[in-house]
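Just so it is clear, A, B and C label the chains in written order, and each chain counts residues from 1 on its own.
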Amino acid sequence: MRRILITAAVAALGTGLAACGSTNAGSGATSSGGTASAATTSCTYAGVQKELYTKGVLTVATDKPAYPPWFEDNNPANGKGYESAVAYAVAKQLGFKNSQVKWAYEPFNDSYAPGPKKFDFDINEISVSPQRAQAVTFSTTYYNVQQALVALQGTPIVTKHTPADLKGYVFGDQVGTTSLAFINSAIQPTQTPKVYETLNDVKQALQTHQIAALVADTPTAQYISSSEIKHSVMVGQFPSSGEHYGLLFAKGNPLVTCVDKALATLNKNGTLAALEKKYLQIYLTVPNLKP
Amino acid sequence: MTGPPQTSFGAEGRGPRLLSSGRGAVAVSTASTIVVLAGLVLLFWLAPGSAAVRHTFFNPQDMWKSFIGDPKAGYYSVGAALWLNIRMFLAAEVLILILALVIAVVRQSVSPVMFPIRVVSTIYVDVFRGVPLILVIFAIGFGVPALNLGFISTQSAAVYGVLALVLSYSAYVSEVYRAGLNSVHQSQVAAARSLGLSQWTSLRYVILPQAVRNIIPPLLNDFISLQKDTALVGILGAIEANKAAEIFSDTVFNYSSYVVAAILFLLLTIPLARFTDHLIARDRRRRLAGAPA
Amino acid sequence: MSTAGTVPADGSSTALALSIEGLQKSFGASAVLKGIDLSMASHEVICLIGASGSGKSTLLRCVNLLEPVNAGRIILWGQDITRPGIDQNAVRRHVGIVFQSFNLFPHMSVLRNITLGPVKALGLPRRQAEDEARALLDRFGLLDKQADYPDRLSGGQQQRVAIVRALAMHPRLMLLDEVTSALDPELVAEVLDVIRELASGGMTMLIATHEMGFARDIANRVCFLAEGRIVEDSPPAELFSNPKDERTQRFLRRIIDAGRL
């Protein structure tokens, strides 16, 4: 009796292990995706239906709160703010009416989780990197990023910010932004920067003197220093390191091909530049910092 | 002739049943355990999304990278960050054990002189057991710096985190101490006071040692809970293990760093749990070894 | 053998050790002691007898101030220990008490149980306290148990250790609260022997007990408690053979019927 039971157990375990070897090769990974249809999809409203999360509707995701100048009044659906405007512009290129665009909430940390997504694409100031591209698919760029510093008026960093000076300050930034990599590789501070969960926490930390300067992309930094934190000033922006924002898709989602075409069109016809001018207030006189 | 009536307790003369004792039973339980575990492993392996999950959560290269860290690439070492958690919970635990004891003793006192302090202690316990720890951390970590109180307002995030942990946990642990103090029979107090020992000396040498022995499991439970709650201090910007895992994860879009953090936390807590089992067993052995004559 | 009436050989005075006047004690609404008057000379042994709930334990616990009194006075070697502002710890250092349930400290060895009081309350150096403790243990045949924990000892051994613990404080008065009531019968004798030895050594003792035969042997006087008062107070020979009060008679009759006398 005992021998029968042990044999049965070993057989079950062995079958399981053997099965492992054969399932690795073709299990649910969608890395190769269904690209056969992409080449023949026409990028029209009717043509992209089968690639959508919900038929008839373009589902766009972003985080809460939705910060200016990327969105306004924390309401992505009002079409105001650079990213809201870009999303609606892309939708229009694909043949969607404004009323056919629906917004979804996706916390940044969840946006790259494996498995099916609850949106068509996510627009949330997400920088593209090769590592990240292993987990998700990115569109081409819709904005080229530079990092900038915001500090409180009258604090030392406002006047002393040579590369050597910068090493001595405590910087703060939001988790998930690429500002941290930039700080550590370009500035190389001697004290470990502080990393906060939300941009609001970083702003709070600046106001309570827990950090000397906040690091964010230039439009965000401009908005904060001009409208949000009293007595703050944008110390300057750093030269570009090649960073850029892209729209985030589920890995292998074929819709990206049509969206890339839409972005190319918007770029060529000057829409993106006009939106940048309208919402991101790029002034050529922003002081440039050397890291 | 027939002797006294036979009392039968079941199977007559066939020895122990198959599944109740002996080698047969051990074999069956071993086999069934293997079958269940194998089944779970199979389920995990054969699920359609298994490869993606394994790559995203259990990717050895990413686990190693997150363990080592690479600040220039934008993420820190989860292993090194754990050292901050360890320092925080060691500091917090010492302070908690002291503060909670003071609160418990105050609340157990009966003298009228202590009345105002007793009231304050009760309010303190009610408030800090009621407010979620994460809110306490927020309030202290962002509130105290905002008050601009000189050097009090310029401490590091870890200091505020420890302060919040101490305030919150002392409220819980003081209740555990009270249970322990109440579990010591009043006759022990009588015996100690009858020797002419003062209230404090009785507490220190007779009551507390017995009280604490009785509450070691719940005290340890709270300590393990504390070790994990140090992760919350990350919201103040401190780079502790969970925060480092999050930074890696958000930078590289891979969750394997969280698995590394989880493994590291387990490596901390499991030996502690076994050590406590050992303490309890040793205390029992010493006290109860040998039947009374 | 009773030591009644003998003058101690060392010539010490037989001044009053203990004088209780009009003692009253209630627990909430229920009055347990309704007016106790009792005096004890040094080296006297008094046994308190009475039904359960008659207040024997309460009376003893009032004498060493474990229980606060509601009315009346307790005068110990000429000092009123019930006056406000009295140092209770100091009083208790001179009055030893042994409880029915032994109450040894379970987390300490026998030796430490005994030395805790002398070291912490009397301030003796540890070495001296341990030497004295071992001498006492040896005197009562318990030296080999010094490193054991109380849970390893029999009931009789634990109670003897409890007596030693009280003696280690060099008390001038010993209170014994039904110290054999929780023991198996075969263990009672060893404890009674210890008490006999203390009595013959001249220790002033107030003993609450159910052991009537023992009381008759050892006591200078026996007091019968009923309804919160001392109803009868006489030398044992007199009380047991010729009880005057009707309640005493009823009590003794019940004891005799139960075969305990």
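One rule holds for everything that comes next: a residue touches a chain if its C-beta (ideal position, glycine included) is under 8 Å from a C-beta of that chain, and two chains touch if they have at least 3 such contacts.
Everything numeric here is computed off the predicted structure, so don't read it as measured data.
With steps allowed only between chains in touch, the distance from subunit A over to subunit C comes to 2. Relative to the centroid of all protein Cα atoms, the closest per-chain Cα centroid is that of B. Chain pair with the most C-beta contact pairs: A-B. As a whole-number value, the distance joining the C-alpha centres of subunit A and subunit C reads 83 Å.
Rounded to a whole number, the gap between the C-alpha centres of subunit B and subunit C is 47 angstrom. Subunit A and subunit B have Cα centroids lying 37 Å from one another.
Contact residues of subunit B toward subunit C in the complex are 187-188, 190-198, 201, 205-206, 209-210, 213, 286-290, 292-293. Across the interface of their complex, subunit B is touched by residues 61, 64, 66, 89-97, 99, 101, 103-107, 116-117, 120-122, 149, 151-155, 157, 165-166, 169 of subunit C. By the touch criterion stated above, subunit B contacts subunit A in their complex at residues 18, 23-24, 27-28, 30-32, 34-35, 38-39, 41-42, 45-53, 55-56, 71-76, 142, 145-146, 153-154, 157, 234-239, 243, 246-247, 249-255. Those residues of subunit A whose C-beta lies close enough to touch subunit B in the complex are 1-2, 5-6, 8-10, 12-13, 16, 19-20, 23-24, 27-30, 108-109, 112-115, 129, 131-132, 134-136, 172, 175-176, 178, 180-182, 184-185, 192, 194-197, 201, 204-205, 207-211.
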